[in-house]
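What follows is a set of structures for review.
Look for subunit A in each of the two complexes below; its partner is subunit B in the first and subunit C in the second.
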Partner chain A sequence: MRTGNHIESYPRHISLSDNPVVWFWLVALMAAMIVLPAFSGLFVLGLAIRILIAAVGAIGLNLLTGSTGQISLGQSGFLAAGCYTTGLLIADYNWPPELALPMSGIVAAALSFLVGIPSLRLKGLYLAITTLAFSFIITQFLLFAEPITHGPYGVRIEDTVLFGFDLAEPTTMYYFCLGILVLVTLGVLNIMRTRVGRAFNAIRDQDIAARAMGINLTTYKLTAFAASSFIVGLAGGLMAFQFRFINVDIFSVTLAIEALAMIIVGGLGSVAGAIIGAAFIILLPEFVGDAIGLLPAGISDVLARGALEIKGLLIGLVIILTLRLEPDGLIGVWRNLKRYWSRWPLSV
Partner chain B sequence: MDLFLNLVASGLVIGSVYGLIGMSFAIIFRTTGVLNFAQGEVMMLVAYTAWTLTHTLLFPFWLLVPSTIVLAALIGMAIERLFIRPMTGQPIFAIVMVTIGIAITLRSLTTLVWGHEFEGFSVPFSGGVVEIGPVFLLTEQLAVLILFMAVSAMTWAFFRFSRVGMAMRATSQDETAALLMGVDSRRMSSFAWAISAIVSGLAGVMVSVLFARAPDMWHFGLKSFPAAILGGLDSPIGAGFGGLIIGVIGELSAGYVWNGLKEISGLILIIVILMVRPYGLFGEKELERV
Partner chain C sequence: MKMLFRKALLAAGVSLFATGAMAEQGVTDTEVVFGNIVPLTHPVTASLAYQVIYGNTVAAAEWNEKGGINGRKIVIKDEDDAYVPANTVQALQKLIDEGVFAMLTTGAGAGVAATLPILEEQAIPTMVNFSPYEPAVNPVKPSIFMIGASYEDLLFGEIKYIVENKMDGKTPKIGVIRQDDDFGKQVETAFSRAIKDFGLDYADPLTFKRGQKDFGAEILKMRAAGVNILIAGGVTSEIPAMAKEAAKFKMDLQIATVPTGQLTPIVKLMQPTGFTYFSGDYVSPLGSKGAEHFEAMANKYLKEDEVKGLSRYSLTAYAASLIMFQAAEACGKDLTRACISEKLASGEKFETNGVTQPISFSADKHIAATATLVVEIDSKTGASKAVTELMDF
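And then the complex of A and B:
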């Protein structure tokens, strides 16, 4: 009988996973992801690209809200900043896309100091409102500063060739996004197992105690803001290549709420949770759309007309139900199942 | 000077709407410590219901007002009972997230039921023009100002003198002590949601009279955050007058500086204020005990 997972050495404690079974399935998952474009049509590939980009953004938001406990409703502003940075640099300033994409993260991270510095004195709800206000200011700026941002006319991106690969090609875009997601995942997992990551968790759990332990709140909160915004900005840069025509309407409050829904449903503070949550929130309306198609013609016509509303309704209900029934999200469900299975005769 | 006065007047009108919604934020926050992100959506739902009462069921105006108030109270209580009360004992973060979930649910539900069309909302007193010196106001704009004054006075009197209002203040100060004195704190939370739904619902009706009954009405909820922060989230009257200030500043900055500032000058203002005073202009500083 298994008696639990005994960790006896420090390297094993901080390793990404000490379980060969986990590694096996991860390799299997990666292999499946790599061969996916060979078997799927354009529609599935498009969905997969959306999930990959959303997962990058959700990991970024989760680093700030889930791991550091700083509630931000403004990450859609950084997403917009990143997306416009890449788009404008390519369209108006003829930057090579190889340089324009990383700039999206860098500009978003630089902007995050504007939010991060007032946030040092703010907590909880006041922080949430300030970040929301910043995202409004960013979108309002994008809409009204027409000489710089094209205002309401949007930006068209023509040059999408990165290192000789054309990202307008869905398969190439898929592999590129997959690569970025893997890099971001590894990066965040590695941050979380260093002093910096443990400091983030300490700030989330009890900031006063963290300060008493010698954690500099200013440095680490700003680091969290910058790192999170860098990743979110990068997701925005990817969106520029995904849409190839961007305007402000993409970055609504609804997008910020969808991002929150992803990390809540997936599981706050968990990288795997953010990825699962992103996949869940993107796929949910698709599956429900298919389910509606199976209903009798009269009902399905009525429901199909309100597809956008039904999507919103589902996202709202999923947020409410997750918080009510399983605050740890889908990753919490998985952990409970795993514990139940591995300790079976004694599990509760 | 005429431009200035007219800008101030239209600022006061729009500020009254912000103030009413800000007040309804503060009423819930003060009693239960929850910031209700769904306030704009509650407002929208009440306004849509009132619209149906007038334009489909053809209620006369004298019947519309009391029935809207009753419906708003029922809507507020139902939301509290269905979504908020089961969350009792959970961290505030989780409850606030639930209100975000409620927001998007209500918004989608309303557009699903009523559709995307913009519809006018006609009331007997709309359409006239009132001239006060150099300032021109539509009668419905004047009505918003009067409504704001009346609701502020009633809210103030309610919290100051009525038994229930005092019980609500007691709950917000010390829930345990209030419970020991025989105050049912669950019922207080229910009352708070009902009153705040009434206040924001009246604001919603006025918004649809001023502009239109439209599917993007919920934006007013977000735009009223600056009002609530400026006046202090725990002071309904402060939040009301915060709304007036935000409204006037918005109109003046749009009139004199740059049109794009209209929507965001209030937001910029509260960011500056929160940097200097993290608990709002009139909010009470929280002392932390470890």
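And then the complex of A and C:
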């Protein structure tokens, strides 16, 4: 019977996982994701692409909010910046998509300094409001700087061929997003194993103590902002290929709230939690729609009219229930289940 | 033996090829499936979305009673996009998965734009009609067609009518309060064109965010500038919200609105303001001779509460559906997407049972029904009447 997790060496301590069972299930999950397009139609594939892109964005936000403790409501602004950078560079400046996509991350990271530097002394709600204001500035800029951004008319992206693969083809797009998600996941997990990652956690848990231990708050907070925004910007760049038409309507404040919901429901500070949370929030309306469809005709007709409101209600309810019952989110539920299973029959 | 095997392979190949050439998604011996994407759950436009569905339903029911399209029953699948372009794409993908043959509506504004790449790639015959979006058909895309005048033309027609008939010797001064999106931009284009064409004095344009409820500050600015013609550039409840403020300040104002100004809830909300205002359209108003046949069919096929909910959006959807069905019928038994697009672009005239003038497209012009008429609405009585004939602007 397993009694605990005894780590006897430093390399084992910093390894991504020291448990062969975890690796086995990860390989099985990857295999399932690789064969998914063979068994799914356009709709399921579209949904999967949305989840993958949302997961990339959620991991980025999680790095800032979950790991460093800096609450940000400006994610829709960074997403928009990344998305428009890729879109405009391809559509108006004929940049190859191979360069335009990484630029989405770079521009978003550069913009993060604009909001990061003035926000260094801010915490909690004050920081949240500042970042929210930033996303308003970005969307207003996109709307009114028509000569640069096409204003309300949006941008259409024709060239979607990256390294010889056409991302307009849903299966190709799916594999590309999956690849980016794997890279981002590994990248962030690695950051979290380094001094930088531990500094982020120290700032989140107690910034004054972190400073007393020699952590430069300015440097590390700005690093967190830049790294997070780079990833979120990259997710925005992927959205440009996903829709091939971008418009400021896509980047509403609701999007920032949903992003926050993803990491709270998934489990703050956990990369796996961010991915699970993204999948949960994207799939929630689909489940709601299907559940409404199963109800008797009279009731389902009435509820179908309010599907948008019901979705909003459910997201709010899920956040409340998560914070009240399982603050570690879905990943916390998963950990509890694992613990219960491995310690059975002595589990409590 | 080897020869026999080769023959069998050849036969299998030929039959596969033949099946591939004949089978068209969404078409069976008994059914043709059409798709419809509308914002069913958007708080502002949900009612319009249902009105569109009523129009489609009446057209399909009428056609099915006559035997369907060459004996195939018309089936319509509706999807909701909540007025969010990302959802419009998702909804279209779902409909394609579910085997839709052609599209009767593909969302509004940016939603239409977002679906264009997929519609083009898959050559899906599509009628854009809910919210006219010129880039959908300019430049021409082989499978995409549109009915309806642009908001620019509709509003320009109204302003022309107001300037020529309603100023009673006063010097016209025009102002616009418009939504800050692609729709609002079209509204402002009409404003700029009117200033240029009629040499009008004007106040600086003002913008607002979709969903704004109070227009006190904007109306005060218009009053201070001496505006007596106002383009109320909102989609639904913003129009009466602006009029309410103008009435409060006792402004002597002529108000021009987009076609949503004719919707019953808007007319009711306008009632306390006492304004007689204007709207433009490219379909015959409900209650007019042109809408008689549609209304008779609606009474026959819709429920009582659905009939009460009809609007000009039902008429545009009805007309668009009829055009699509006629093109499909003209293809005969061998119904393919390519054939529908070809028939639509052939220059042939399609009847809409009086809702619009007969519609025809051509190979290089995929837009029709661009002539507009001006509708005057008396908010006190709720009565509306066409005050001009259909005209091209």
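Note that in this section the second predicted complex is superposed on the first by the 346 of 348 C-alpha atoms of A that agree within 3 Å, B and C clash if a C-alpha of one lies under 4 Å from a C-alpha of the other, contacts with A are read in each partner's own complex, and residues count from 1 in each chain.
As a convention for this text, a residue touches a chain if its C-beta (ideal position, glycine included) is under 8 Å from a C-beta of that chain, and two chains touch if they have at least 3 such contacts.
In this text the structure is predicted, and so the values were computed from the model without any measurement.
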Partner chain(s) touched by A:Phe134 [first = subunit B, second = subunit C, both, neither]: first
Which holds for A:Gly46: it touches subunit B only (first), subunit C only (second), both, or neither? second
Considering only touches as defined above, state whether A:Phe245 meets subunit B (first), subunit C (second), both or neither. second
So, does A:Arg156 touch the first partner subunit B, the second partner subunit C, both, or neither? second
Per the overlay, which chain contacts more subunit A residues, subunit B or subunit C? B
For A:Pro102 in the superposed arrangement: first (subunit B), second (subunit C), both or neither? neither
For A:Leu143, decide between first (touching subunit B), second (touching subunit C), both and neither. both
Contact residues of subunit A, present in both the subunit B and the subunit C interface: 143, 306, 308-309
Residue set of subunit A touching subunit B in the complex reads 71, 117-118, 121-126, 128-130, 132-134, 136-137, 140-141, 143-145, 208-209, 253-254, 257, 260-261, 264, 306, 308-313, 315-320, 323-324, 327
So in the complex, the part of subunit A that touches subunit C is made up of which residues? 41-47, 50, 143, 151-154, 156, 168, 170, 242-245, 247-250, 304-309
Name, in rising order, each residue of subunit B that touches subunit A in their complex. 35, 83, 86-87, 90, 92-94, 96-98, 100-109, 111-112, 222, 225-226, 229, 233, 258-260, 263-264, 267-268, 270-271, 274-275, 278-280, 288, 290
What residues of subunit C sit close enough to touch subunit A in their complex? 40-43, 46, 80, 82, 84-86, 89-90, 93-94, 96-98, 110, 113-114, 116-117, 121, 135, 180-185
